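Just so it is clear, A, B, C and D label the chains in written order, and each chain counts residues from 1 on its own.
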Amino acid sequence: MLTKVLIANRGEISVRILRACRELGIQTVAVYSEADRQAMHVRYATEAYLLGPAPSSESYLRGEKIIQIALESGAGAIHPGYGFLAERSDFAQAVEDAGLEFIGPKPSAIVAMGDKLVARETVTNAGVPVVPGTEGTGNLSDDELLKLAPQIGFPLLIKATAGGGGKGMREVTNLDEMPLLLKSARREAKSAFGEDNVYLEKLILGARHIEIQILADKHGNVVHLNERECSLQRRHQKLLEESPSPFIDEGLRQRMGAVAVKAAKAVEYESAGTIEFLVDKDKNFYFLEMNTRLQVEHPITELVTGVDIVKEQIRIARGRKLSFTQDDVQINGAAIECRINAEDPHNNFMPSTGRITHSVLPTGPGIRVDTGVYPGFEITPYYDPMISKLIVWGETRAQAILRMRRALEEYKIVGVRTNIPFHQTMMDSHRFMAGQYDTRFVEEEFSMESISEDKVTHPDVAAIIATLVKHEQTERAAHVVRRNERDTSNWKWVSRWERLTK
Amino acid sequence: MKYITTIDGKEFLVEIIDDRHISLDGKIVKVDFESVESQPVFSLIVDGKSYEAYVYEGGEDLEILVKGKLYHSRVEDERERRLRAASGGLVVQSGPYHLKAPMPGLVVSVVVEEKQEVKQGDVLLILESMKMQNELKSPRDGVIGRIQIKAGDSVEQRQKLLSVE
Amino acid sequence: MLTKVLIANRGEISVRILRACRELGIQTVAVYSEADRQAMHVRYATEAYLLGPAPSSESYLRGEKIIQIALESGAGAIHPGYGFLAERSDFAQAVEDAGLEFIGPKPSAIVAMGDKLVARETVTNAGVPVVPGTEGTGNLSDDELLKLAPQIGFPLLIKATAGGGGKGMREVTNLDEMPLLLKSARREAKSAFGEDNVYLEKLILGARHIEIQILADKHGNVVHLNERECSLQRRHQKLLEESPSPFIDEGLRQRMGAVAVKAAKAVEYESAGTIEFLVDKDKNFYFLEMNTRLQVEHPITELVTGVDIVKEQIRIARGRKLSFTQDDVQINGAAIECRINAEDPHNNFMPSTGRITHSVLPTGPGIRVDTGVYPGFEITPYYDPMISKLIVWGETRAQAILRMRRALEEYKIVGVRTNIPFHQTMMDSHRFMAGQYDTRFVEEEFSMESISEDKVTHPDVAAIIATLVKHEQTERAAHVVRRNERDTSNWKWVSRWERLTK
Amino acid sequence: MKYITTIDGKEFLVEIIDDRHISLDGKIVKVDFESVESQPVFSLIVDGKSYEAYVYEGGEDLEILVKGKLYHSRVEDERERRLRAASGGLVVQSGPYHLKAPMPGLVVSVVVEEKQEVKQGDVLLILESMKMQNELKSPRDGVIGRIQIKAGDSVEQRQKLLSVE
């Protein structure tokens, strides 16, 4: 029986898991880097222990130290979240060897799916279609890859064997440019994952990136929780996801779901996992990879299915059977997630660092915000620039879009630039509204300007406000303090509690 | 620096040793204490246990919200403590209790009369505010002293209403 | 076609309706009193107009002025919210006479249900059971009521004919005390509603207060959206509601639903409405009254049915037919609402006024907060002390309770006392967990102390924190400013944007 | 008091007449302007239209967030304006452009060389930060001046990297 869980992560996903634990009556252990001493996940947990300095390699990637902390604090299990150690089979194995429960799949499943070549072979044997590419023979040299490339055909992708999140990925349109791109892909893979193996894969144009969420218990039961549409990406980073996909019909959903379950069973999968597919415009689908962990965008599935994926992970880790069958899984309405990042969409999505001094979260019907950020939080260059995930639910996709517009306008973040204007522009774009987009849409066809200019703007109002604020500042600086008329009216009285002015 | 800190009536002797150590009732405790920039939010880690606190001033005291529970605290250094002891401040129970309006409102009725004996919990008067009729009760046994308002009066926050002696 | 709506209200419900309008692409007009110039509903609306000074009689109750503002601003409809003018048939009539749409029922339905005596007669004729009491002959004198009381039997209730929300309500246990109680009930009714008519009703002991939400379009279609359990009250003010009720089985739900639809049809009801019932321990149910308006606790129904009641009101006002039938209405999981009020549960629920200087809303899975309050907001004695409605959804009632515990602990409000500790104690109480409570539970059997004492407390931790904060303040006051070690560590850099320090 | 206020390149002449009136480009406007206590939140009502603004300082300028759109503003009184005009500050386009690091990071590669001609939008160097490789581009046509860093350098926020002349 799990009564205490260590969460080997930081930021929003750490808080998300802490909340699930709290709702299950489970004690929690947080770990943190020096940069995160004040972080929400540290304050929220029952216990918290320092890992080391800010860089991940000296803190959140220190698997041995994390296991030691789990043992010393009496935690019976470790939840890795996503990123960091989540897909390191050696870590999962070390957790098991230490007599602890790893809240995720068995190390063998991580191994099988973690090496993309092995993964492709495994699922192919199980009858799952894969994208044409260099598979099977393992780590090829540049010369070998250059020889195989014309057989696959251009355009194609160079991808890191150990990779994910677009790191070490390069698009190649002809053989001439390939040697240089191989070099830079290997360099990026090395720095991100510690190894520089890459492989080639046919680039399917006009493709959609669609993934199937699965849940598998320790008793061989596997169900899928329908699809997530993740085609809106920039530099292979997902920006916005929705479920269900406006492109997928019920027949295709059932076929993809059945294949996803097959893929999971092929590696005797346990816990939550995601099978990513490319779907071409003719609705052929190809296995891309399996993410053997909780996914960033899991909340949209939670909102349309009513299943709490993190709680299910914990229940599965406790040895429980899934409490529902495939037939119980319904699609109720539609959900959209916008990843709110500290980056400036008007300036080439440049990351923005600094302190968030003020923040107003959108609230009210159908809105969920998952975040680890708070007023006073400093966005550092050490970790990814995600501020929060803004997730909405609507009775229909149209209602969800309208609600997301409302939420984005309500959301106020002061202190850093954010990509909220990008999401606003996206919600206003006809292509998004029509559901007609693929993985190239954001980079190749979408523009911040073309659509923004149609919107009503209020430069005159901004001018009035700016001037009045500046005028008040000037007046105050000159010690010409006038009393506000309202402050002397008869409805004013003494406030009982004064804020602690620090 | 030594402090006598009272939490909801319970006293603790707290000595600040250095930035990382205090002594609590004579026992040395290693503390890791941080505040969030510009926010009334604090984080304390003691022996791995993590506590988040929201701290704000309520009158002379600090109110400390920890794990959903609000604690009322009074922190005094030794000099302050001696001063208060000397002035008899430690014996709060004696002396008249002045009932003040907890909020602005309209006096609906005064239930007691001057010189009337009252028990703790007896209703003294009814004040209408926020669309509600609120019963103000006696915090202890005593005799009603001067009544400074009457039914129908509008009163301001903290205005003296009557005393219990 | 409605394109602009005036919301004749303030606070959380005004913001709730503004959000629905924004999600439907409808322009909005807010009205406000002098005390509410900075309020969220004023800032959120497209347009905003001053009504007058803080007291409701000089602002939010000025129906004529509100209609005039609607006409001048070009709003085609008025949504009254709840309270204030929501159940004034003369206002609804005046809105209609001005050529505007009243987002609510026809004046005749408000008249029929607004006078409780007429209401009881109407529904009795439609075959709906009512609580025994003085009905039919209209406004009786004290002498007449004193004569009829023994026939009804004690205990009984004196209730204001025009009333609601417990105002002008008195409980009578014997004839002797009745004359004085009649007097005070009439005085309170007069001050609250402008008229002092009262009636008598049998007090059903051990009763639950359960209400059925209905929606009716302009085409004669009426559906019910199941029940809400509202038995947790203090001084006839609801504190906490849940849906579904742990007391109601499917058969009873269908019977009560059918009766509620019958009652609504008896007055040719349109828009959203609520039929309140008393249900005794043997599951007999009696019509209490119909609220001919949106209800405070409507969100719990929204969370379990997926129906957005406010949007449906607007669609109905636009003349649309209901887009679903009774068979489409399902119960999905369980929802609980806690009304977060500025009142001190440790001090007889005394209202607390003052400025909210800091606030952290709970977020994450399954949580909704409806509020009009923000940091900098001042709780005034002019309006009700509600800060927000905290609403959670869970797959099961147990999950909803656990989530509510989590949400209550996350919710931080600095500046005024709140009843959050009351709700925490309630969530920990065995009676609540078992679903075994009636309308007397809070006042007669529930205690803040008995349960709180079992909880683990941390006075030692509070002592350490208080001392360290005080120590830092003292040090700072003495200008002994030490540099924090961390501030000089190498992960610190200059923040790009500084908060505007006002 | 008269101000010249520039919003995203567009100039407005704003005169403060009294607490309730301003003139905007010569037209008198009745304004109802309020700020929320201790918050960077403002409310402006003009002719019944309600605008909520979040205002914060970005360098010398104010950033104004209204209805989901961020405006960059510069407010100058007549004296400031004259001073800046005299010092040639109005002609921003001339003079070298100094590329500064928008955040701390690692220089992955410097794409250009000194004295190389560049067009607006050309990539100048690649800076790795927040696990991302970020392309820093030239804001205008020109010739590369001094390059003050090289590939592999760690740079601090706002550190000068190179200039475009």
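Please note the rule applied: a contact is a pair of C-beta atoms (placed from the backbone, for glycine too) under 8 Å apart; a residue touches a chain by one contact, two chains touch by 3 or more.
Note that the coordinates shown come from a computational prediction; the quantities given were computed from them, not determined experimentally.
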Relative to chain C, which chain has the most distant C-alpha mean position? D
Count the C-beta pairs in contact for A-B and for A-D, then report the pair with the higher count. A-D
Can you check how far apart chain C and chain D are, centre to centre, with Cα atoms defining each centre and the answer in Å? 46
Distance between chain A and chain D based on Cα centroids, please, to the nearest Å. 31
Touching two or more other chains in chain D are residues 34-35, 38-40, 55-56, 62, 104, 157
Going by the contact rule already set, what residues in chain A reach two or more other chains? 37, 352-353, 355, 357-358, 374, 378, 382, 409, 414-415, 469, 486, 493, 496-500
I'd like to see which chains touch which, written out pair by pair. A-B, A-C, A-D, B-C, C-D
Given the complex with chain C, which residues does chain D contribute to the contact? 32, 34-41, 43, 45, 48-50, 52, 55-58, 62-63, 104, 156-158
How about chain A: which of its residues touch chain B in the complex? 30, 37-38, 42-49, 73, 355, 357, 374-378, 493-494, 496-500, 502
Seen from chain D, its contact residues with chain A in the complex are 1, 3, 5, 7-8, 10, 12, 14, 16, 19, 22, 24, 29, 31, 33-35, 38-40, 42, 44, 46, 51, 53-56, 62, 64-71, 73, 75, 77, 102-105, 129-135, 137, 157
Considering only the defined contacts, which chain A positions touch chain C in the complex? 15-16, 19-20, 22-25, 34-35, 37, 53-54, 299, 302, 306-308, 332-333, 352-355, 357-358, 360-361, 363-371, 374, 378, 380, 382, 395, 399, 402-403, 405-406, 409, 414-416, 469, 486, 489, 491, 493, 495-500
Which residues of chain C touch chain B once you look at their complex with the stated criterion? 167, 188, 192, 235, 348, 350-353, 357-358, 381-385, 408-409, 412, 414-415, 420-421, 424, 455, 457-472, 474, 482, 485-486, 499
